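Both complexes below contain subunit A, partnered by subunit B and then by subunit C.
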Partner chain A sequence: MSIAEFELTQLPVGGFARVVGIKAEGLVRNRLLDLGLVPATVVEAVRKSPAGDPIAYKIRGALIALRSEESRQITVRALVED
Partner chain B sequence: MAANQENSFNHLVFKAQAVRKQMNTNLRDQVVKDIYQRAEEIAAKAVALPDTRNDLDRKIDNIVTSRIWGYPLMFALLSLVFWLTITGANYPSQLLSNVLFGFQEQLTGFFRWAGAPAWLHGVLVLGLYRCLAWVVSVMLPPMAIFFPLFTFLEDLGYLPRVAFNLDKLFKKAGAHGKQILTMCMGFGCNAAGIIACRIIESPRERLIAILTNNFVPCNGRFPTLIAMAAVFMGALAAGTNSFAAAGVVAGVVLIGIAVTLLVSRILSKTLLKGVPSTFTLELPPYRMPKIGTLLIRSILDRTIFVLMRAVVVAAPAGVITWILANVTIGDMSIVARLAGWLDGFGRIIGLDGYILLAFLLGLPANEIVVPILIMCYLAQGTMLELDSIEALRQLLLNNGWTWLTALNMILFSLLHFPCATTLLTVRKETQSTKWTVLAALIPTGAAIAVCFLVAQIVRALGLV
Partner chain C sequence: MGLTTQSTGIYAFVEEMHQDPNFNTDAVIALAGNPNTGKSTVFNGLTGLNQHTGNWPGKTVVLAKGIYEHRGKKITLVDLPGTYSLLANSADEQVARDFICFGNPDATVVVADATCLERNLNLVLQVMEITPKTILCLNLIDEAKRKAIRIDRNGLERLLGIPVVPTVARDKGGLAELENTIHEVALGKRQMNPRQTIYHQAIEEALRELQAELEEVLQGKLNSRWVALRLLDGDSSIIDEIRRYLITSTTQVGKEV
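Here is the complex of A and B:
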């Protein structure tokens, strides 16, 4: 496994990635897990707000906007086509 | 010995807690992961998902949240809603007021026939009934148009996009993005907006939203703003120049949003220090609203609810105002005396004593501020329905108004203390007298400061 891990914030709009884990603890962690951001979930960065933040992600069929404070807590890696 | 035992016991409890905390996180992670895994397996067998990368929702969102069109579109939609409300409400308002004020003559006739004393006729017909008639004829038509339009945008799925577009501004102010949704509700009624603040989980951000909700003008204040906008624009009637009036009202709303952000920022740096909590906002798929249920819900749940509440507070307010205007101490009515005391301060902030008194007497409901003011100026002791904006303009000019007075009246109406119902709602939602008092003091301070600055700058530049 040599695929680099990075923060969800860095995923460009239109890109797909797979969740590796959540760095946050406590309430934030629970909120993000409840959205379905468990390891191996595929996430697509769909669009940026006109102001640049938040960014809307397609997560398990739902379009969810996350502020950079939250998306920074989510570690992902690039999706390999297989 | 005992102390030692207690010490090691505490140590043990502490250790157990630490272990349980660790377990909890892992356990929770595992449970959530398993649930999603199982759900995914089932869904994969039963549901085929289409590729959503090019569907209609995305195309709409490409425009609605675009860098170029996102903000102008929001402003245009806002103006359109106001324009539809103002023009649409004009005729039915006229009709209602003709009917209701026509019935007043019947009432007067009945009182005369029954030989009732003049004061009883004054309190019940000229005070109570007129105030109710004014509130119903002025408020009902705009609300019956505004609430369905607003509910339409809500059901369509557009409002979350507004929150998405504006969230960064609220983040910078240390507030929650969902605050914009509570503000949208505030356009209908600030008390409803404050109840809507329950959607914000973090207590700190919820309080910020509650304390600043008043800076979006509610339906009760729109008639005041619209009338003043028409006077301010020098238009002959709101009907002939409703575009300009809608533009002024939309501009006033923008000022309200700017003040909301500024005060939110100040609050989150002082009284309500802290960092923004988690923000997750779902952008639901667009849906064509069901018009039938939409009408029932917006008319029954919102329009009638807000109207009934206004009626309940307007009735006693009408009685009190009539008494104050008709009981004289020495050679002046109580109203004239009170206005005299307030006049000096009123003039410093570009208003006058009667305007301030009207705002104070209008505490029960904002929609009776202008009727009270008109009544004071006419000094006839009853609320009067002036039949045109031009007549209102003449009356105000005769009482020393300039465009600065109209402008500051708009600003003061936008920023001043919330109505009694809203304050009671704040008390109920926060369970705290301190925050309720602040919910009245913060807006009032902002209103006085802004009006003072505007008046001083305009006068210093010699514009009036």
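Here is the complex of A and C:
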């Protein structure tokens, strides 16, 4: 069974996902990695701003807001509940 | 005098610091850390009221420096802007990076939030890559305890190869030990053996090649492994700054001779 991969932007508020990879390159990529978004990191979508963008995510113990132009570049997959 | 490369950025800041008539210090310590780690609380706890804030020439970044005395030595602390990294490109990060790389601090203290250590260690490793004289200050250790986070300090010291000091800067807890550790590291009384990040084999091979050539150019002025890594990154802002640093330091050597 394979688990579908999708863009972090699509993660609904309250949902958890695991980072698979980052499509961005250069400085944006560096910045996202620096924020702790390395493969296997668990991310939670915490809340949406009124306009729906940016969205606040819980990443390794800190709440960080990402714009959809950044979160679109982050590939994740759903956490399998056990 | 017009603005030259020597009179802006890091050089102006360091020069101004040394020209201050009240400035006679035995060691200069850089204080780095992620935002919201209590870095400024550590700074205030150590220096009390003996501090000045100043603008980093050429950039709208405010820097505070302060002085304290420990065992008869005058120690100058420079409070750098809070950053997650030294590699990306905001003005804050450039200032922090330039000071640690080119300001020749006698030691660099990285203040980390003990409640989310993982995300803080990225900066620690980056600083260790530049300078072996790195100290990790684990702040907010009381809050970590409250959240049932236990940190194996000895294990961390062994893994990183640098001194680790837990503090509760708000209540001045651990600051005496931090002062002792800074003293030992800055004045060369403690043997440092920081763990090096080992990269993919292909990168390591490229590094070896570059390093051999760089040693000649750098003549010990900068860490050749670190410069080789930045060349591989191809980040032009760092490469420009390295070039400037080498030109400036060569002119200064020329003046002395």
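We take it that the second predicted complex is superposed on the first by the 80 of 82 C-alpha atoms of A that agree within 3 Å, B and C clash if a C-alpha of one lies under 4 Å from a C-alpha of the other, contacts with A are read in each partner's own complex, and residues count from 1 in each chain.
Simple rule for what comes next: contacts are C-beta pairs under 8 Å (C-beta built on N, C-alpha and C of every residue); 3 or more make two chains touch, one makes a residue touch a chain.
It should be emphasised that the depicted structure is a prediction, and the values quoted were computed from it without experimental measurement.
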Exercise. After lining up the shared chain so the two structures overlap, which partner does A:65 touch, if you call subunit B first and subunit C second: first, second, both or neither?
Worked result: first
For this session: State whether A:47 touches subunit B only (first), subunit C only (second), both chains, or neither.
Result: first
Problem set entry | First (subunit B), second (subunit C), both or neither touched by A:56 | first
For this session: Between subunit B and subunit C, point out the one touching more subunit A residues.
Result: B
For this session: Give one of first, second, both or neither to describe whether A:5 is in contact with subunit B, with subunit C, with both, or with none.
Result: neither
Exercise. Which partner does A:31 contact after superposing on A: first (subunit B), second (subunit C), both, neither?
Worked result: both
Problem set entry | Intersection of subunit A interface sets (partners subunit B, subunit C) | 27, 30-31, 34-36, 60-62
Exercise. What part of subunit A is in contact with subunit C in the complex they form?
Worked result: 27, 30-31, 34-36, 59-62
Exercise. Hey, which residues of subunit B end up touching subunit A in the complex?
Worked result: 25, 28-29, 32-33, 36-37, 49, 52, 58, 61-62, 65-67, 70-71, 164-169, 171, 177, 276-285
Problem set entry | Footprint of subunit A on subunit C - complex, ascending | 84-85, 87-89, 115-116, 118-119, 122
Exercise. Mind pulling up the subunit A residues that touch subunit B in the complex?
Worked result: 25, 27-36, 38-39, 41, 46-47, 49-54, 56, 58, 60-67, 69-70
